[in-house]
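Labels run A, B and C following the written order; every chain starts at residue 1.
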Amino acid sequence: MTEVIQIEQLVVTYRDTETRATRTVVDRLTFTVRPGEVFGFLGPNGAGKTSTMNVLLGFTHAASGSASIFGVDVRQPIARQRIGYLPEMTYYYKFLTAEELLRAYGRIFGLDDGEIRRRTDELLALVELEAARRRLIRTYSKGMQQRLGLAQALLNQPDLLILDEPTSGLDPLGRMKVREIILRQKAAGKTVFFSSHELGEVESVCDRVAILHRGELKALGPVGEIKHPADGNLEQAFLRLIGWPGAPKPASDAGPADHQPTAP
Amino acid sequence: MRAILTLAHLVILEMVRRKDIYVLFVLTALLTLIAAAANIFDDTRVVRYLKEISLTLIWVSGFVLAVTSAARQIPAERESRTLFTLLAKPVSRWQFIAGKFLGCWLACGLALLVFYAFFGAVALSRERSLDLAGWAQAISMHWFMLAVPVALALAGSLLWAAPSSNSTLTLVVCFGIWLLGRHLHKVALGLPEPRATLLTLVYFIIPHLELFDIRDLIVHRWPPVPWLFWLGALLYAAAYTGMILTGAWLLFRRRPLN
Amino acid sequence: MPQTAIAILFLTSLALVTSLEPWFQSWQGNRAQSADLLAVLLGDARRAFANHFFIKADVYFHNGYYPSIFDNRTAFQTPHMAADAGALEEKNTGEEDDFLGPPKDWIDAFGRRFKPATHTHLYQGGARADGPAHKEIELADSQDVREILPWLRASAALDPQKIETYTTTAYWLRQRMGKTTEAEAFLRDGLRANPDSHEILFELGRIADEHGKDPARARNLWELALAKWRKFELPKKDPDTFSLLQIASHLAMLAERESRWDEYLHYLGLWKAASPQPAEIEKRIAEAQAKRAAANAKPQTQNSKP
């Protein structure tokens, strides 16, 4: 079976508009996401998570290395029919209602109107926006917009769901909702690839995680393997991995490289 | 095609739900009606000045509407980051450009229908008959002409990040061509050498928007343009629009988005 | 975006206000110059706008077929509507139909299909959607010349000192549209702003003569016009002989109609002095002298025509 996401030696650089110097924000990143797994892409703010996802979705181009989705190079017109994507921070067309937004996106996916209506009802119920479905998005709170974002990402029943910081800015109930949706996808045999910097949230849902810091992969593997016995939770493991001085000392002196898996 | 039409539909919905069109229409109607209320030596059949004022306002409004609406499309998508949601779906970048163009252009067409209906009513209120052929030519040529500013503003929004500087620049170019375009060659003939060639070149490169301005024929009730030439003008506009949109697509095709 | 739209709309409105302002005035019935907001705003630009609107009226007079500032305007130095009205002396040369010259390129040739392309005059019917454009309708039939009036009105409101606006407007109002009352009222407005204008006095005289059928009044007005001409025009370096010609000829013809031969001869003398073809007038003088001699032969007949 082909990997859902395959990233090899990926380098992403930005050119500073003023100094014209290039800055590497993702450095020789390599990992794969397998079918049916929930993969947490973790790292502090500015680690390069969004930059990696932008390459995956074809928004930007890698300086070097390769990335493919469902075995297709992301530089090719990718298999976007099978992807659901929730960007980091998005405002949807303010002049539309939730219903109209989903109808427009549904048409872009080539769904027929009956199907769109059915999925709209189902998804708006799932994200609890039924009461607001005929209101202009202009009047939505941030949390409501985020939930609408989830609904649109699920509209095409994607085989791969890519979520960029889906829980940021949500209240505890909203976060629980996100976790519920991720697990629902997993139960349906779908793949979920999501980024986060709030580690406590993801511990329970991820099959595997990758920890990124300043563009470099610090750890990759199941949560249980990454955590040392000394780390109380993933958060502490994370702090230790990125070399935060206040982090608890591990029992052994093993460096982070120990947890780097060999390339597939 | 479905994606393009869906995008176009979104643009039209947006324009209908914004106030711009209504503001422009109310202003045009108001100024025309004020002009109509004037007492011209107690003669109530004087009409041509009204037709001209109304048509001129429609032309100005048309440019403003076309350029400002097209100029804000892509920047607004980027600013609200809806562009990312959209392009992560099965929409190619040329479909995106085409959809945005089509939406703005169709919305301009709808606006023109309203404007020209108003114009027809003004003319009919004082003239015994409406010259339907001329009216149809005026609106169709105006509409096709507006495809060029729409395409220009879309392409411009890929070159100049700020929508306001882009619309100002595009509007200046459009008004410049509208008012001076047809004289450039004549003027060039009277200039010293390097400038003469330069201006002649400009003359042959620019889209001659002023060709589409048949206000004089309508205002003074001249017979309509021969239909073959009318068709030629529409094709001329379509050709320029196609070229500009292709340029916009080339600019946008490999552009990193972040 | 919205700011640009608003800026452009504001400029357009400003440009339009310049054309609408006279109508605001006529609405309010306010003729007080001091209350004129635009006077402060535009200052000297008013005169430029007034001139622009005057030309605009002539553009309408030609149904939109008119040279731009980039074209050959020798045939349009004097607006035809003013020349035809006798308000200005015609100084045009060259071919009226040919100001564009041959097409310079294919865009030029193509573009001419979308613009008026024949020389026509409004009072001759002008362009018609329902007939060949060149077909000239019987002169008296067409009142389309009314279409120049809004621009003339605007011109006068912007520059009340522009005399030819009043005389041109009055001519077309009375001559073509039978609006003698309005013509006279407009001339009176002009006279209030220009009390020493021999042109306006002359035109008022024509109304008294041709429409009021009041030759005595006409003669008074024309004599006043002549006095004003002598006082203000004669001392000039290059006096306006065209006006003198008009005043003198009308006074002469009135005197002839009323058989006042001495007076007739007096004005014929003036007419001759102002005329570019004095030989023609010389003939009339000879005829008049003969008539005077005949009249003096039977002095009891006091003749006057109705």
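Just so we're on the same page, a contact is a pair of C-beta atoms (placed from the backbone, for glycine too) under 8 Å apart; a residue touches a chain by one contact, two chains touch by 3 or more.
Being a predicted model, the structure only gives us computed values, none of them experimental.
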Practice prompt. Find me the chain with the mean Cα position closest to the mean of all the protein Cα atoms on display.
Written response: B
Worksheet item: Taking mean CA positions as centres, which chain lies farthest from chain B?
Response: A
Worksheet, complete the sentence: CA centroids of chain B and chain C: separation to the nearest Å works out as 39
Item to complete: Quick one: report the Å distance separating chain A from chain B, using the average Cα coordinate of each chain.
Response: 43
Worksheet, complete the sentence: dist(centroid_CA(chain A), centroid_CA(chain C)) in Å evaluates to 80
Practice prompt. Enumerate the contact residues on chain C facing chain B in the complex.
Written response: 1-5, 8-9, 12-13, 16, 19-20, 22-23, 26-27, 60, 63-65, 68, 70-71, 104-105, 107-108, 110-111, 113-116, 126-130, 132-133, 143, 146-147, 149-151, 153, 173, 177, 179, 182, 186
Fill in: Residue numbers on chain B that touch chain C, as the complex places them
20, 23-24, 27, 31, 34-35, 37-43, 45-49, 53, 57, 60, 64, 68, 71-72, 129, 131, 133-134, 141, 163-164, 167-168, 171, 182-183, 185-187, 189, 203-204, 208, 210-214, 216-217, 219-226, 229, 232-233
Discussion item. For a test of understanding, state which residues of chain B touch chain A in their complex under the given definition.
Written reply: 2-3, 5-7, 9-10, 13-14, 17-18, 80-82, 84-92, 254, 256-258
Worksheet entry | Residues of chain A defined as touching chain B within the complex | 51, 54, 57-61, 77, 80-81, 83, 85-96, 100, 104-105, 107-110, 149, 152, 156, 162
